[in-house]
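A, B, C, D and E are the chain letters, set down in written order, and residue numbers restart from 1 in every chain.
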Amino acid sequence: MPIKAARVYHDGKLVRELGADEAIPEDCDEGDFFWLGLYEPTPGELAAIAKRFGLHPLAVEDALKANQLPKVEAYGDQLFVITRTANLDGDTIQPGETAFFLGPHFFVSVRHGSARTHTDVRARLETLPAKLAHGPDYVLYAILDFIVDGYFPVIDAIEDRLLLVEDSVMDTPLDAAEIRHLYAQRHEIIRFQRFVGMMKEVANSLATDDDLPNIDAAVRPFFRDIWDHVQRAEFRLSGLRDIAASVIETNGMLEQQRQGVITRQLAAWAAILAVPTAIAGIYGMNFEHMPELGWTFGYPLIVGAMATICAGLYWRFKSIGWL
Amino acid sequence: MPIKAARVYHDGKLVRELGADEAIPEDCDEGDFFWLGLYEPTPGELAAIAKRFGLHPLAVEDALKANQLPKVEAYGDQLFVITRTANLDGDTIQPGETAFFLGPHFFVSVRHGSARTHTDVRARLETLPAKLAHGPDYVLYAILDFIVDGYFPVIDAIEDRLLLVEDSVMDTPLDAAEIRHLYAQRHEIIRFQRFVGMMKEVANSLATDDDLPNIDAAVRPFFRDIWDHVQRAEFRLSGLRDIAASVIETNGMLEQQRQGVITRQLAAWAAILAVPTAIAGIYGMNFEHMPELGWTFGYPLIVGAMATICAGLYWRFKSIGWL
Amino acid sequence: MPIKAARVYHDGKLVRELGADEAIPEDCDEGDFFWLGLYEPTPGELAAIAKRFGLHPLAVEDALKANQLPKVEAYGDQLFVITRTANLDGDTIQPGETAFFLGPHFFVSVRHGSARTHTDVRARLETLPAKLAHGPDYVLYAILDFIVDGYFPVIDAIEDRLLLVEDSVMDTPLDAAEIRHLYAQRHEIIRFQRFVGMMKEVANSLATDDDLPNIDAAVRPFFRDIWDHVQRAEFRLSGLRDIAASVIETNGMLEQQRQGVITRQLAAWAAILAVPTAIAGIYGMNFEHMPELGWTFGYPLIVGAMATICAGLYWRFKSIGWL
Amino acid sequence: MPIKAARVYHDGKLVRELGADEAIPEDCDEGDFFWLGLYEPTPGELAAIAKRFGLHPLAVEDALKANQLPKVEAYGDQLFVITRTANLDGDTIQPGETAFFLGPHFFVSVRHGSARTHTDVRARLETLPAKLAHGPDYVLYAILDFIVDGYFPVIDAIEDRLLLVEDSVMDTPLDAAEIRHLYAQRHEIIRFQRFVGMMKEVANSLATDDDLPNIDAAVRPFFRDIWDHVQRAEFRLSGLRDIAASVIETNGMLEQQRQGVITRQLAAWAAILAVPTAIAGIYGMNFEHMPELGWTFGYPLIVGAMATICAGLYWRFKSIGWL
Amino acid sequence: MPIKAARVYHDGKLVRELGADEAIPEDCDEGDFFWLGLYEPTPGELAAIAKRFGLHPLAVEDALKANQLPKVEAYGDQLFVITRTANLDGDTIQPGETAFFLGPHFFVSVRHGSARTHTDVRARLETLPAKLAHGPDYVLYAILDFIVDGYFPVIDAIEDRLLLVEDSVMDTPLDAAEIRHLYAQRHEIIRFQRFVGMMKEVANSLATDDDLPNIDAAVRPFFRDIWDHVQRAEFRLSGLRDIAASVIETNGMLEQQRQGVITRQLAAWAAILAVPTAIAGIYGMNFEHMPELGWTFGYPLIVGAMATICAGLYWRFKSIGWL
């Protein structure tokens, strides 16, 4: 059953919970307020609700299909909002999206993907009838607050992983697996950042647009607070993106530096070892007339000369920092 | 014949199809509406229609020449719109462009390049006279929706190809052919992204500009929906561009990492093998007085020394991670 | 003589051509219109005209000195416009600039650098008295159209050259001369792009600014068309810039890939050849007691062992893709 | 005790200091003004003050939790401001943040992290009753001025460190430790720059927004001066960021240049030394019939030939700049 | 004495020069106008003038301290302007800044750093009483024009130096000294560009802001001309920055291309020389039973084989472009 909860309130106080198969009553008094929570409904299930509340077909279509982008849209006296959610399920990030329909007397949420139900938010609000009496705008605020609060553990988790890589890059060059992991992380940050940017626009529009139906001026400072929290999420994500870019650059620079060091060492040792090889090659030639070969101290003399030249070169390379 | 279809409607209901060579009737009642679909017309063919409907010469010129950029322009009480299309023909992407003239009583489309006719859209609309009775604005919406829906299979195809390259880069360095292919893909994405950006402006202008002739307020939410879908196309393209950039960077970084590994291995083996070569060179010299050469165990001793030094170096390089 | 042409029109019809040394008549009737075309005039030559038409000293100064940037400026009831031209003279791009003064009864153009006279534009307009009767705004449109049309052959030429380099980069690494040429091309594109960007602002201001003197509302759609064409030029230049950047990046990536391949090949062959060298060195030592040297099949055995090891290494490197 | 100071003023003159445990008096005359300074208060401590002055719960929440971003917010007739501080404590940069509540008759500051008390600012203001009589806006200005003045020693310190690295990079390639340090510095600059950007918005809003409660027009030029100083801080930070980027790029380019030099030297010496090795190898072969071996001057001839070829190659490489 | 000149004008005509120690007269008629030029005054010296003319303390503070950024600020009926100067003193660029106070009856300039006095501007203006009668706005224009004209020789000098490096990079890789120089140049361009950007804002604000005190509408076109010249300076600087970036990129790409060429050459020669070395090593072994050693033509045969293989390899590498 996609309807997770359907309750009727009057002046902020819970009247009753609708049955699983019960139709939504057609008539509704001044202080009445319906709050419906749906999870991945089928077109047919949503159609009944759309008919009862007069939801706009374009909005219904968007609420049914996943992969929508965050937005706020007015349809006559109704408001339609799409948000993106993200929360941590153990070690993996779970993306989701939730759509909201706001009318003068109803609030309908349609969740996709996200495993976090709104049960706790609802329970807390039911203890605050004065707040609930505000109607759909305050409910929207409470759920947006809940959604945005869910971003921070995700950001913390990404940060923790990234700082591990940052430490590692300083000691040894990243291996191929770490490089792949790093790019995957950065990808995730960029995608998250874009959704957060759009959520900021949603919050901004709710906090500042006078013309939105069902959003009272008294509730607007609360949406400004949402904006504020989203901005903080964006700020932290942009810092993480900087770190990721920095780690990539640092690794490149350190790898270049390490190769520079090895190139110099390699060149130095090649030069040092080429000397005895060349000299030995010469005295390995089979000419009949090579006077040095007959000298009694020819051998120690030549080996001594080799050692002296090698030591001299070694000292030379040491002093210019190649070894 | 460039005129693919020319039909007359009254209050949203089809009256009749004009004959291939029939002139467009000069007189037209209040509820009458002409819908003409042209494919790559010659200047002469369009001139007759332009004369009948009083189309502006600058707009006619733009509709005739290909390679225009998407835009919305008002000429008096008429509206002129240019769009870019893209659809998949087997494996290749087929670009095209379509221009639209909207008057109070007519809708004229001029297609270039695109093989997708509007036949299906038209057939569906003819089953909905209440919609068709809206006139040219609703027809424009239906065709824009059809055009923008055509973007997504193209984006899916590009994504599929790109994800193949992304997998491949993680295992082996890209070869020259893959590098070329990758750059070609990225080029295609960038070009597509630009057109989509301009299409977003077209949809935005149709959804928000109060002053456009022949666009009624009631139809504007539909253009906002078009905007929304175009934005989703743009969002996905920008993600694909990120992936392409990421693949390029990752490949560069992995190639650098691989060269670092090989440089270190090469240096280690060069050092290890230089030792027996140098020692063998020395004992290959032809000095008469080299006492070691006469020792009974000189040969195994020296070979043992070589092996010991090589093993020591090998262990050393192994422990610092060069081998 | 810097005055290329000076003609008087009445109600759009040519009255007469002023003589080379003839002063501009002081009096002028309602339908009269002077069109003067100057080419690199001296300060003195322009001063006489400035005095006659009351041109602003700052505008005159700008028209005399070359290297101005495109702009539109109002001085009282007069309009001053600076444009940049570019056309192809054989194989080389010829930059130029042209300034325009527009008053209620006159149109003065001052060309610098450009070899393209306005003779053809003028001749065509003289056949359309109804257009010419619009006065200076329509003349400005006609000449701007002529200038902007001149951009496209230049862009085509740059594109042709660039596509040659793009093909070449895919086969062999760019040599030094091609690298230099590529950077020079990109430089040219960037500079052109900037002028075109300013030209777009000029066209935009002429098409949308209500307050510009001597620009009638009826002519404004024509300037919007100019804007449109300039935008297309900008669009193509930005595409060319992308191609140039792409070629540079591709070349870098292919060069890196090629060096990776060679590094691996070099390392493999160095390893393969080090084996016989080391073994031969050992059996080239002059120890008296080396039993293998006395074996009848010692030589073929050792050479066989060398060949086996080399073949094994070769096979190994082949299988990991280094050879 | 988190309350660092709580004083009552009348018409800008100090009336008395409230006791540590004294409640804030409920009644307040026209010229009365309360100035409270808090340091990291607990929720309970701030709640009492919030109740007395009617502070908005959302603002109180922000003032209690650290890691807020700079902002200006109006709540009814009250103003809420968050700022970021940075000062130098010996060698390390100490970040902090301070929140301000401004009402018609009170000014409450809540500091987090920062060790710099406002004691000196307060003492100086108490000597200027005419200024203090302005009320909370002037106090806000004085403290913002104090906070922004604190940025400059921090910027000076970063600049000093960076210029040391810049000098060093010109002489020798950066080693791994210096690379790490450089990236850490750049990170710090980027983070600082972002806060400063937000502080500029805070100052701008205080200087230009007519609708902010408790900010009189007469004090606005002082906030413009704050803006000005913040802009100077931003300007210098952006210069430092350029230097850091420049050092990184220069180091990369110099390292590449050095490796180019070494690659050429290595290639040259490898070529020079390969010649005697190859020739000596040939005359080290044990063929029975090698006539040169029997020549009296064969040995000096061959050694002379080796020397000549090596010298020739050396000269050749010298002349093309490889050695 | 910091006061370089203090003169009184009436209706644009010079009345008299004030003595070095003479106080500025307190009374002033309708057409009177004071023009004071100061060079790096002490606080005391400026305080006297500030008192006489009622200058705002914040503006005075800015005028005294160096390192301000260009800006325009209104204080009541007075205007305060800060500008940055740059001029060439032999080969070095001399930065400076100048502040201006404009009141209805006075113009005060305060120069820092710059060695260029305003003597010539003043002398020229004194010959044009009709212009000087405009008052402080025209004087400000004349001096801004003088300051901005000073930018161009500096830009020319930077361009000359940069073009030398650009030529050089095409022939040989940049050495370390040239790399350092190039980065220093680029740094200078970036800093200059930023000041020029702020100067453009200053000119724009003087040319378009209706509300600035002491700037008459009649003088505004002159400030638009200043804007125009500043824009040209910015345009050229941005071109220079492109060149600098291009030189850096080209050098990197050419260095990479050169190393590619050398890597291929090195690999080819290593392969060619490895052949005789390996063969000679084999025939240098001391096995008793090596039949080839006894052949009469063994030696020439083997040397011929070596030469043939080497020539074959040489031809092979030549044909694939490695040699």
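Going forward, a residue touches a chain if its C-beta (ideal position, glycine included) is under 8 Å from a C-beta of that chain, and two chains touch if they have at least 3 such contacts.
On a predicted model such as this, the values are computed, not experimentally measured, just so you know.
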>> Suppose each chain is reduced to the average of its Cα coordinates; what separation in Å results between subunit C and subunit D?
In response: 41
>> As a quick test, compute the distance in whole Å between the mean CA positions of subunit A and subunit D.
In response: 25
> Using the touch rule from the top of the page, what residues of subunit A touch 2 or more other chains?
Replying inline: 256, 258-259, 263, 266, 270, 277, 281, 284-286, 290
> Classify the inter-chain contact topology: is it line, ring, star, complete, or other?
Replying inline: ring
> Can you list every chain round the ring, opening with subunit B and moving on to subunit C?
Replying inline: B, C, E, D, A
> What part of subunit B is in contact with subunit A in the complex they form?
Replying inline: 170, 221-222, 224-225, 228, 231-232, 235, 238-239, 242-243, 246, 249-250, 253-254, 256-260, 263-264, 266-267, 270-271, 274, 277-278, 281-282, 284-290, 321
> Quick one: in the complex, what on subunit C touches subunit E?
Replying inline: 56, 58, 62, 67-69, 71, 73, 75, 172-176, 179-180, 183, 186-187, 190-191, 194, 248, 251-252, 255-256, 258-259, 262-263, 265-266, 269-270, 273, 276-277, 280-281, 283-286, 290, 292-299, 302-303, 306
